[in-house]
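Let me begin by presenting the structure, written as structure tokens, before commenting on it.
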Amino acid sequence: MSDQAMRDAWFPVGLLSGLTRAGTASMLMGEDITVGLDDTGAPSVDCGGRKLPTVERFGHLWTSLGAPEKDLFTIPEADHPERTLVDVGVVRVKCSPLRAVENFLDIAHFPFVHTDILGEEDHPEVNNYKVEVRKDEDEVWATKVEFYQPQAAASAGGGIITEYMYRVPAPTCSVLYKTCPPRPGEWDVICLFVQPLTEELCDVWPWMALFDDTSTITDLIHFQQLIFLQDRSILENQIPKKLPLDPALETPTRADLTSVAYRRWLKRHDYTYGAQLVAE
Amino acid sequence: MQADERTQWVPAAVSTDILDGTVVPAALPTGPIAVWRTASGELHANGDRCPHRGMRLSHGFVRGNSLSCIYHGWRYGRDGGCEHIPAHPGLEPPKSINCGPLPVAEANGVVWVAAQAPEEAPAEIEGFEALKSMLFCATPAAIAEAAGGALKTELGGTPAHLVTAERTPSETFVVALVPTGTDVASKLAAATALEALRRVTESAT
Amino acid sequence: MILYDYILSPSCYKVRLLASLLGVKLELRAVDFHPGREHKGDELLALNPAGSIPILVDGEDVLTESAAILSYIAAKHGQNWLATSDAGEVGAQQQWLSFSHRLTSALGGARLVEMLHFPGDLAALQEAGIAALRELEAALFARRLTGQTFLVGDRITIADIACFPYVALAPDGSVSLDPYASIRIWMRAIRAQPRFIEMPGIHRLHELAPDPLAGDA
């Protein structure tokens, strides 16, 4: 199995606001890297004396071990000047980077893992939704995803049917567009950017672009950290740690169509760093 | 693992450590297992992995006669079969979805589990009952040596049997048995002596 | 009472948990601990020069140690959550409140290294954490032998609340709780208390809620 396809992808490695000249030791796909600012004050990533390409976007510094063919994806909706951009900060998780993304694409766990916030046991049903791979962008999209949520966002006052759209524009990144309680017709943007340290260890950098005039930034950060840390205790207890791409090893249902499409898309592109191809 | 090892009873827990309506983690040489009691106390064991997304079932919860996964609430019955998938309340889960029930038995207040049904019940040690389980960072052989050369020993002045199961090459699950009817003070002394035995064993390893 | 709070802080959670169990309302003030390090900023350092949270402000009273805050809230709103005047209970309560600081530095330290990139000697923190868990397991086993579930006296007290969070979150620092049967039973008894609240990493007991399928059975 070759890791070249993933080596050519972009990955988040730090908050732009947190870069220092001293640099921070980190890892990317098993290789030691140093993330920081160079002598001119520009963001830089060093890998054993080699300068890696960088992109500054969405409040994060991005890099690649290889030679990316495509520019890093964009999120046009996030450019709206009235949105609050929220750097949620990093959380390390002992799981496959691909498992972390797959969990983010899943709504059926809300009643059990995010009880009384994103879901409740009396409303567990997942209705049919639409999943496609958009050919031009080569991205996985799930749309018309609806779910009953007791407290959909920091700003939500009570239970509502929330509509979601999920987008996977890169192997370890997902963008969620979600009903925005204070602004009907607009979408909140919540992203999960995952840095693969090894196949079974990752740093997760959630990032948000929201319309929210009432909550403080700290409230918004805490809400997202609360949700993600509830997931962490699940992610660290899945067996096997790597994401199985062999359909025989796990049992998807209709609610898991996004995950099924994501796994197929990973396999087709050889995005298999953090995946288990056959049962061990 | 050899076929004859698969049909051997392995000590997995102390009976009284698994309350009615709860699930606990344990292990066989084949991998992690979940051992649970129904609300009425009936004992069951199965693989510690939900067939849906691989989540450990020992993190789940028991209602009535079913074990549910904490991740998506998939519900498994006493035969290991999936009974209910909350995301699709109207769906009857296919019979093929099963969390792998395992043979389980209780003897001397110890819960024994096997990968495949053994021909006989677990061997009883007449007149003894489980006191306490403990994980030693040592091999079964090192524990026997520290206990005076055999697993039949004494702890704090009370006769004792040690039942062991190697969990990993460096970790052994140990259950100490003491005579049925041992008084509380002697049990406490035996538990303290078991701690001391672990210290000796681990510092020798 | 105002609590300067961080949703991921087990020490802040102790205070929120006790307040909830006692039915006491707290006014929460969210502190951007990570990534903002607000607890090291001027406003909070003026309140607590140690630069730590939780901080409880109640009129003129400002408290910055979680064990002290638990004692304060229990003294005001739940006397039976404190030791009686019995010397054995007083000693045991103080013993476990002090022990809880070892849990914080060892298991809490490992958690900050493993989860939030804090510097630290992970192996040493985990070893100290395992030593503390083994002590707690032995003590709780001894309590079970005498028919007791909790650490002090014959009921749940602030000693249990002080020790519970960092123990329950030990896996966040890659310290397994699987080997400790008596700790598991004790944690379950705490989680089963009326008005128990969760924090990320500590799930509620779903089985205590009514079974949505019960109507079909």
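Things to note:
Note that the chains take the letters A, B and C in the order they are written out, and that residue 1 is the start of every chain.
As a convention for this text, contacts are C-beta pairs under 8 Å (C-beta built on N, C-alpha and C of every residue); 3 or more make two chains touch, one makes a residue touch a chain.
Just so you know, these numbers come straight off a predicted model, no measurement behind them.
Taken as a graph of touching chains, this assembly is fully connected, with contact between every pair of chains. Comparing the chain pairs A-C and B-C, the larger number of C-beta pairs in contact belongs to A-C.
Between subunit A and subunit B, the centres computed from C-alpha atoms are 38 Å apart. Put simply, the C-alpha centre of subunit A and that of subunit C have 31 angstrom between them.
Averaging C-alpha coordinates per chain places the centre of subunit B 28 Å away from that of subunit C.
Shared interface positions of subunit C, defined as residues touching 2 or more other chains, are 203, 206, 212. The multi-chain contact residues of subunit A, meaning those touching 2 or more other chains, are 112-113, 121, 124, 233. The set of subunit B residues touching two or more other chains comprises 59, 70, 73, 86. By the touch criterion given at the top, residues 6-8, 30-32, 34-36, 38, 114-117, 171-172, 174, 200-201, 203-204, 206, 209, 212 of subunit C touch subunit A in their complex.
Chain contact summary for the complex, subunit C toward subunit B: residues 134, 138, 141-142, 145-146, 178-179, 181-182, 184-185, 188, 203, 205-207, 211-213, 217. Only residues 108-109, 111-113, 121, 124-126, 233-234, 237-240, 244, 249-255 of subunit A touch subunit B when the two sit together in their complex. The touching residues of subunit B, counted against subunit C in their complex, run 13-14, 17, 19, 21-22, 24-25, 58-59, 61-64, 68, 70, 73, 84, 86, 132-135, 184, 187-188, 191-192, 195. Within the complex formed with subunit A, the residues of subunit B that make contact are 31-32, 48-49, 51-56, 59, 69-73, 85-89, 91, 97.
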